[in-house]
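Once you scroll down, you'll see the structures, which are given as structure tokens.
Presented sequentially are two complexes of chain A, the first with chain B as partner and the second with chain C.
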Partner chain A sequence: MLEQEVYEIKEEDEIKKLGLITKNIIKWVINNLKFIFIPAYKLNALVEKEEKHERTVSKRKFIRRFKSFLTILGIILVFAVVTMAVFPHWLAPYTEADASGVFPGTWANPSPEHPLGTTSFGRDVLTRLIFGARTSLIVALPAIGLSVILGVIIGIIAAFYGGWLDTVIMRLMDILLAFPGLILALVFISVFTDLFKTDVRIEYIMLAWGILGVPFYSRLIRGSVLQAKELPYIQAARVAGAGNFRIMFKHILPNVIQPIIISVTFDIGGIILSLAGLSFLGFSDPQLIDWGNEISRTRERLYDAPWASLFPGFFILLSVLGFMLLGDGLRDALDPRLRDL
Partner chain B sequence: MSLISYTVKRILSMIVVMFGALTLTFVLSRFMPGDPVLAYLPQNKPNPQLYAYYTRLLGLDRPIWEQYFRYIGDLFTGNWGFSVSIAKDMPVWTLIMQRLPRTVDITILSVVIASFLGIKFGIISAKHRNKTRDAFFRGLSLVGVAVPVFFLGMLLQYFFAYQLKWFPGTGFKTREFPDPAFVTGFRVIDALISRELYIIFDYLYHLVLPVFCLSFISLAGIVRQTRSSMLEVLEQDYIRTARAKGCRERDVINTHAKKNAMIPTVTIIGLSFAGLLAGAVLTETTFDLKGVGQLLVDAIVRSDYWVLNGLVFFFTIVFVVANLLVDLLYGVLDPRIRY
Partner chain C sequence: MTISKEAIKHEAEGVEQLDDDIILSVRNLKTYYPILGGFFKRTIGQVRAVDGVSFDLKKRETIGLVGESGCGKTTIANTLLKLVDATEGKIIYQGKTIIEANKKRDYKNNIRKEIQMVFQDPDASLNPRWKVVDIIGEPLRLLEGLSKRRKIRKRVWELLKTVSLKREHLDRYPHEFSGGQKQRIVIARALACNPKIIILDEPTSALDVSVQAQILNLLKRLQDEFDLSYLFITHDLSVVHHIADKIKVMYLGKFVEEGTIDDIFTNPSHPYTRALLSARPTFDPAIRKERIILEGDVPSPINPPTGCPFHPRCPSKEEHEGCGVDKPRHIKIEGGSDEHYIFCLPFTEGEKSYEGWQFISD
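Coming up: the complex of A and B.
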């Protein structure tokens, strides 16, 4: 009786064991060879799902790499500058008309009414600084947009067609690079003002920096296009019947644009800096409220009213620093191999 | 290809670029503010006959290609015209040579100081990677990239010249001090020749703030480059070998790693030398040093045609030659590079 029970239990155990083994085998097969059981019409959906999963994982990694202290500081600074540029009327203690009006209390110390003091004609420094952010971005963004668009088009065309066209275009770019940037910009602006018989206007500055940035971007993109055009997907596109322009701007461009995006973020800072330099030398639209302009006007009074000329400089420093930190962080996150540069 | 044939090839391509740049300056010069003829006219006599005479004399009524060759010939024979408004009737070449010494002095001093400190900081930064000192120098170089030269200059002026009164704020000499007898135009050399040492000290004392300013700006790039190339070199096998055979850490860094890490840094130093010329425009204006950079701004503001023309030509030549030298130096420093 007892023996029989024991025997039965043993048998049960073994059956269970066997069941476990088969179960495991089935589990393994399903896990590893599941594609055998998937009907063909569901394959695409599955691949999509998997891709989506991987993308979120890489996105998480991207965000993790993006979350360094300096990058966050950069984002905060850029956010602050952009906010000042977009909503100056809400942030500034006085209106735009007040910022260029005439009041008593010239060159006054910082006080509760004027947190950063006043400049000539009793204008509030803080208000002028907040309105100045708009000018910086208004000049920097179109200028860099112009150089990126022209530079990318020229660079792709030169690299894609090659031959004499490439040589001619690249030599022309070399010639533009043969001048020190600030000096050529000064000459360009003075030529424009002389040509159109007007004061220095903001469009001239944009145009000058836009032209000066072209060689840099066309060189940057030319290298990567030269590599990309040898890859098989270009041949595939050509076999599929795509024309030259379609290949250049639909197939190659999206694959080589990444370094451009990184360097644009970096260069916005650089352009703001150069613009400040130009307006410091007195080459800017006198009607506009502009940080560099502000310094150039108040520099004479540096010793008795330092707030009027030092705070604009500090704002330039912060905004340039913000864009550069953001560019650094973006580069680290998108291309971790360059981390230590 | 050997170094010599590479040099020849580079010089030839430089000449092509140079002529392109000259063509560009020629085209620009037709639109530059100011009138080239007015520069030659006797002052304050707007006489149409005389104007037409000088136009013919200068060849401005000739076909455009003839004007072009004349223009290039004039630039290379040193016939750079006369100043109109800055220093009346002074030849442009003399004017530039008068202003050049200050620019050269501050540029050379800043390059020397920036590369000496930059390499040192970069190596320290790489040695203590991701530690406090590394973070400090990286932060310093980031600020150096982002700070506007004139803002730094004004901060220095305010605190060190006005508040603490340690250094003079503007100018390059104490007003009562005489100029040394003119030999080369370079104040230091002239004063050495006439044995007036106090003039040298006075001059250098005035240059402290501007040079600090300029070198701080170019320090940033050098520190970054040294750090990254040092980190790369320290990963190499021969460094591990050197450590394994029992070298002191100091020797590993100084004799094994440093030489190889210096190659990209030298490029950066050479390029920053050219960039400093542009930085000099802002620094000279901030500290009122009366150098070439300030002359350029003056020439534009006061539409001095020939001065502007000559300066653009001058800067272009300096820039192109500096780039060429950097390229050649690269080959000399790294014998592995064969062109």
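Coming up: the complex of A and C.
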């Protein structure tokens, strides 16, 4: 499906090129005939100019390759969601206390006072959405970050050194994978609450989902590293004097990071939704406002008050879409071979 | 081959007598790869990739290492660069033992700087995510200790000029180059730290013939310019004829014949070398050579044949004595240069002997 998308992007570019064909012909003529008019003693200056041109305009530059329509759309969506998470007090029409207060007008239609309608106890849907962004992102992003960082480090080390270290690490990961995710999350959260003698806090949820993601990412990267470490350029790096860690993280990692980026963008949505599962089972702070929780609480009124569950779902969709487009663009920009330069 | 009788005697006593001219000498090198198996990944066998090899490399000399696929040529290169560990024997660089089996020796950056390698497949030996300036700058950064970006760029530009590439190639990625250009980049990387020895592992086999000639001439020019010694690994006999001074012919982890270019091409004495040379394509259809076609396959290096490793396929094994029993002897062939040796066994009948042969070792 992703291949398809890349193909479509290329097709769009081609149509644009067709439109600019006259301009290109003129450009080509100027570019190729200028050599006739330039005296030989100026060739060096020309080479320098070409190099300067390549440095500024060339698509070899990361930023240049990052600029595509879909990537920019992704950046805008992510930016919007992050803005909601950072400045909810400025953006929301009501205060945080109002968002969990009790008012008349339960399950009311959208109106000028409540642009997206109200949910149970007359709480404003828009306000809850904007405050929910913070919780959702605060749980999803650090959890993913933790899984990716730990998973990548563990996976690369296991695959690179091989032998008994690989066997031990991978069996441990298999044990973690053997349990159903939600049950293991419950175990982790209750262990943390016992350990620190507090109620369920958002940090524990974060940590639990972070640890749960580790085996997936380490497995994912291990296969690619096993393949990449046998390639001649790794031997060449060793001959050039690179140590084990430099080879692992500077030579191998850029070549195997692609599948990780893809699955990160898919996983963000999964974690946002999984918060709902936890609070449904009572393993969450009931005062927390988050999108997944919103959907699970309001789905029983789906027919008479669809706005209450539809809009949180729509926001999850938007943020997942934003991260996916961003990840896609990032993957393309990181692979110098993908675009014609 | 410069091991005189005295040198071999001394070697047996553990004394090294080396010319000043000799830059690298390999003594009785054996490299076995373990075969792991079973639940606990124990060693259940060994692949004898290199099985007792000795040679000397002089300054500004090119040694061609010839043999069919899987005979251990590349393993010799990898052992020299400590990419794999030696099982037995030692390697001496400029009078200093750098690699010795079962002993921890310093193989630090100062030695890496002196011995560099050009790999077989230029496409695969360049990291696709790195720019050319970073690829060539890597040994400069790690081995020479250059840390300033501008200095590295300047030095890389100089290196690119020596291999006839241009300044604007600095910031490009490997996939933007043709095969010949990629091999030039690989050569530039090998040259980065002014090495004394470059090991060339089939540098031309992935290229087409016109580019092969360019690369070979470039290598010759660089040898004159920087006083390099080459260990040239190949299976292409015409390439080796063009570039090498001396040839070592390998079969199943062992040398079978060694000598100068003229020795090997005019007077091939070992049956394997003769078969190898007769298999060479010729351009003159009038010459109808008798092709020597060897029977069977290369035996497995896991379980090599007893005695001479070549004897099951040898076309003249009936004429020799004890092929499957005795180890081949180091036999000097007179008539050519004084460095022409084969590893074979004596004839059964006295009068069929090699002209003026003499045994050097048993």
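By definition in this document, the second predicted complex is superposed on the first by the 175 of 341 C-alpha atoms of A that agree within 3 Å, B and C clash if a C-alpha of one lies under 4 Å from a C-alpha of the other, contacts with A are read in each partner's own complex, and residues count from 1 in each chain.
Everything below uses one rule, namely that contacts are C-beta pairs under 8 Å (C-beta built on N, C-alpha and C of every residue); 3 or more make two chains touch, one makes a residue touch a chain.
Please read these numbers as outputs of a predicted model, since none were measured by experiment.
In the superposition on chain A, no contact is made by A:A333 with either chain B or chain C. In the superposition on chain A, contact of A:V200 is made with neither chain B nor chain C. In the superposition on chain A, A:I260 makes contact with neither chain B nor chain C. Of the two partner chains, chain C is the only one touched by A:Q235; chain B is not.
In the superposition on chain A, contact of A:L281 is made with chain B only, not with chain C. Ranked by how many residues of chain A each touches, chain B and chain C are led by B. When the shared chain is aligned, no partner comes close enough to touch A:I144: not chain B, not chain C. By the touch criterion defined above, A:G163 lies against chain C but remains apart from chain B after alignment on the C-alpha atoms of chain A. Using the contact criterion defined above for the overlaid structures, shared-chain residue A:V47 touches chain C, although it does not reach chain B. Overlaid on A, the two complexes show chain B and chain C touching the same residues of chain A, namely 341.
Residue ranges of chain C in contact with chain A, taken from their complex: 41, 78, 81, 83, 109, 112-113, 116-117, 119-121, 124-131, 138-139, 142-143, 166-168, 170-173, 175-176, 186, 189, 192.
Here chain A touches chain C in the complex through residues 47-48, 50-51, 54-55, 58, 60, 163-164, 231-233, 235-242, 246, 251, 254-255, 334-337, 341, going by the rule given at the top. Across the complex, chain B meets chain A through its residues 16-18, 20-21, 23-24, 28, 31-33, 142-143, 145-151, 154-155, 157-158, 162, 224, 227-228, 231-232, 274-275, 277-278, 281-282, 285, 296-297, 300-301, 303, 308, 311-312, 315-316, 319-320, 323. Per the touch definition, chain A reaches chain B in the complex via residues 70, 171-172, 174-176, 178-183, 186-188, 190-191, 193-195, 269, 273, 276-277, 280-283, 292, 295, 299, 302-303, 306, 309-310, 313-314, 316-317, 320-321, 324-325, 328, 340-341.
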